[in-house]
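Per-chain numbering from 1; labels A, B, C and D assigned in written order.
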């Protein structure tokens, strides 16, 4: 049976279910207990699991990140709550020099089963240090897995996979959509890593979109449909591993792609996906792959400026339309 | 904001007015939030005014401060104007940062405010670096680094305290202990005495009532003048309280602190009310004069709000300006098509 | 007049000249004074400029990075010495949340003229935490400029540009080549940012290479030449800004590219460059752009494994040869 | 390595032997470097043996340690074998980490050594997290976090000390103050007393002679047993000295420390020589027996070196193994072509 719940509830359910299932799972972060985080995503968990397993920390991101690694190496399965994705910069050393490399450096003897839950997304008028989408940075580091759920369904299913994974996993939630409702099955399920979701089928152009941009691309697809252009929307769901195959298969059909991610465009996620498409679907492409990301500027506070920095359905549709028509012109 | 003699009605009244200006500023900001006219959230300084004013009164324009997410008080106390502040909070072009910073990044270069910071504890390095500049240039200015009790959990502070102590930098670390970081009481997140953490590096540390603007100012004058002479660094823990929630949206907060506790602080330890009472008791001002100050400040704040609401947003062409010094627009620059 | 000096001497000269020229320039980092760093790159500077301007710090990378930012905001021009590029993870918050955004967040009123000097490169048998090439991470952050000198000449000229720049600049030196000698003019010169260097001209294939990989690509070009394939080697020299135009112009001639950088391949520098080529030179390309980077594993200690993780001239030549021939096959 | 009674010749001789094993291991490692048979550099522990041995002797196999770039001593003291250690230093498949870690990342999971670390101060979080596990699982084991004087400058340590103190975690922070971090004397990089930094968080702190293995062991036994009972955390500063350079290549070092200073430590404060003398004076062993221990250890080290030199390198197919638990080869996995 399927009911509608919010992304926030989906995350909460995933954690509660996994904590019931496996008592080694613990939660650690700032204001995760009574306050249930500023986004109220974790409300109720401390009441069920107690302060031994839902652990409020001081404001010391590197510290509790490091501790989670040590706890993970010795038998626990910590879920680290990082209040804003922008604070990733504070934990990079522990995450990338320690957690990501421990299994390899120990020749496979030590492991670090932990989940770093954080978020992404601008347009909340939160300024340059609370609005970044930093998934490209962690995706670059071997040893980390990276998941980007775009719906309540995937928020739950990917998080459950992450918690059961024996490796360090970074999962980015879209903070703008915590309150959005969507259908989520009642029963137990997981979403495996490395399986892209074809969110919408189409024939003329492929829109590859992550996280917050999936919904935006679906809206772009509707705009395109009104113009008789049929867009396929693909959500890779995990960046590491990346389900390249599903993307390339789509390209064989559509021959055109727009890749959209809310991180900065320059040296960002779209570069990886676009260059894989350009390489692996080279002989199928009828137009250059278009990349769209957050504008390459620190996120401005002013609403008049901030809204300009994030891809919109209109802009995506315009780019898709352009390469579609451009191709026609070229083919004639 | 000069460091003239203290036993001086003019200075007392200026300090009183500055505290009132902060309180009134915050009330207006809260109204803007409640009426959905302000983008985003903001963290109000109300209740802590004696800290910012008592300290900044001991500083000159050439002295510098770094501020926090709860930064309006520091900004006002260091000399900022209402209009440019409200414009910033509303994301307008005439804001201190052309609307690009917002409440959590407000800075006021001309008065030595190096900026608020949305990374808790993130400015301790910047402040200590500003003090390094002062030492290297030998001009005798001092930097005050404001931060909350919660920020004492961040490792960066210990790193820079060590260097400040080793190199005797002219900096004062001012920890506003308002009893909470977000929704958590300080006792739950801080082991031991906070002053001991500075003392461990050989830094002279003080703990005082942050609600008494005269005591705060007296200590600040003393430490600032000693820091100018190379006797720093110093640490001060100021016991204070935020009258409102963590941010303007933090309304139902009984799960982490009681209404009684709040009422008690508001009633008995309001720095403005208490200082006003003292001014009256010393016959420095009478009740009417204080009311007049309040009204006048309120009128100017309202005018500034009205101005800011009407002011224009930055032009869309600004969006990729000011990314790089010397580069008009960042986007073509990044792509290598302009220099 | 041109003489031969080492990369190390070139760096030392650049700093000494700029410190003489501008007394606001200071050096700060671990063991930069008497020891002149473990690589001995800074030897002699403290003797000339004194301990006020050549400042030995405790082992506190976030701390002295933050202090350098504050010093830069208030009138100094610090050069921060970060002993190993791997320690970038420790300073990411100060570098990316503070230094990179200050000018923008202040609406252009504050500025942070600082240089972060660090290094890259594996095969020194230094293990996973002392061998990374992390340029992709900082190139992703608007507000930072990123330079990657590949020769003693550029090490000096780019560093001088960096020191004179009013923005935060991250410059990566190739630690393997500190002792290599190369011609460096006696007189004053700078190398401006955003101007790629065509290291070697050729017609059949373009090798775009950064830093340590430039020399490796030149060797690949020699191997190719022996097989009658004429390779052009282009060194962008700065990633931000990126001289896209020179690269695209080359592609118009050669129609084929291999992009090589010593950072990890996945979500790395080569993705950005390859996707720009694939987009902007779309109608000129005769073969997919090939990307080569450090293998996507933590850098192993064992020489038997470590050497497998870095692109070699042979592997690059093989890839170039493959796309060259592949193209011929395709064209027939 | 069990914590049996101390007044016990057997234990004394085991401690003596363990110290000798460390010294001999390092001499061999140095030889391997000098004869260009070892890839890379290594940091020798010689001179500090009493610290690792005195402390690890108080621990069981279930207790854990974290180690540093100067980690061979901790590794040997916690129970590691020569063969697998030399294999690791030489990058061989039979090394503790299959050659993938090397000297700076050597770990020995079976004896509770969670690994050396090449980020100075980088393991303080890991160690404190291991102590959190102990507390949550309630099994009474203890973690010792080894680090140098230089590492006290890293902010991370303060963050985790705060949490260890708040939550009463069973951890002992063991700071080996050998007077230098790389080429800089501790006094130049550490303001105040290091013990005060732990005390600031309410952590009981000790400062002792790290060259006296019995004193070190006595204190360790005491603190470990108290930590098991939930009385931790604790901090110990151990005054010690590295006899050699910062790493094997640091030969000319008179610019940062004098030959006299080195000679004085080697002559008067060699922990092995002094403990040997004491063993003789107490008639626990005579000179011949001690020499025999030395010879025996040396022979076994030489055999291990010979073995390691002959051992095979990991197969090239290993290069992308062990990146992810449960994934045979990382490269196809990352590209999505395998799961």
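Criterion: a contact is a pair of C-beta atoms (placed from the backbone, for glycine too) under 8 Å apart; a residue touches a chain by one contact, two chains touch by 3 or more.
Since we're looking at a predicted model, the values are computed, not measured.
Of the two chain pairs examined here, B-C and A-B, the one linked by more C-beta pairs in contact is B-C. On a Cα centroid basis, the chain most remote from subunit B in this structure is D.
Taking each chain's centre as the average of its CA atoms, subunit B and subunit C sit 40 Å apart. Here the CA centre of subunit A is 30 Å from the CA centre of subunit C. Centre-to-centre, using mean CA coordinates, subunit B is 46 Å away from subunit D.
Rounded to whole angstrom units, the spacing between the C-alpha centres of subunit A and subunit B is 36. Shown for subunit C are the residues in touch with two or more other chains, namely 57-58, 60, 62-63, 86-87, 90, 93, 97, 104-105, 127-129, 142-143, 240, 266, 296-298, 300-301. Within subunit D, contacts with two or more other chains are made by residues 97-101, 105, 117, 119, 122, 153-156, 159, 162, 166, 188-190, 323, 330, 334.
For subunit D in complex with subunit A, the residues that touch the partner chain are 64, 66, 95-101, 105, 107, 109, 114-115, 117, 119, 122, 124-134, 136-137, 143, 155-156, 159-160, 162-163, 166, 321-326, 330, 333-337, 339.
Residues of subunit C touching subunit B in their complex: 26, 52-53, 57-58, 60, 62-76, 78, 93-94, 97-98, 102-111, 113, 142-143, 145, 165-167, 192-194, 240-245.
For subunit B in complex with subunit A, the residues that touch the partner chain are 39-41, 91-92, 97-105, 117-122, 150-151, 153-155, 181-184, 188-190, 255-256, 313-314, 316, 318-320, 323, 330-331, 334. Chain contact summary for the complex, subunit D toward subunit B: residues 153-159, 161-162, 165-166, 188-193, 196-197, 199-203.
Within the complex, the subunit A residues that touch subunit B are 30-31, 34-35, 38, 56-60, 62-63, 86-87, 90, 124-130, 266, 295-298, 300-305, 308-309.
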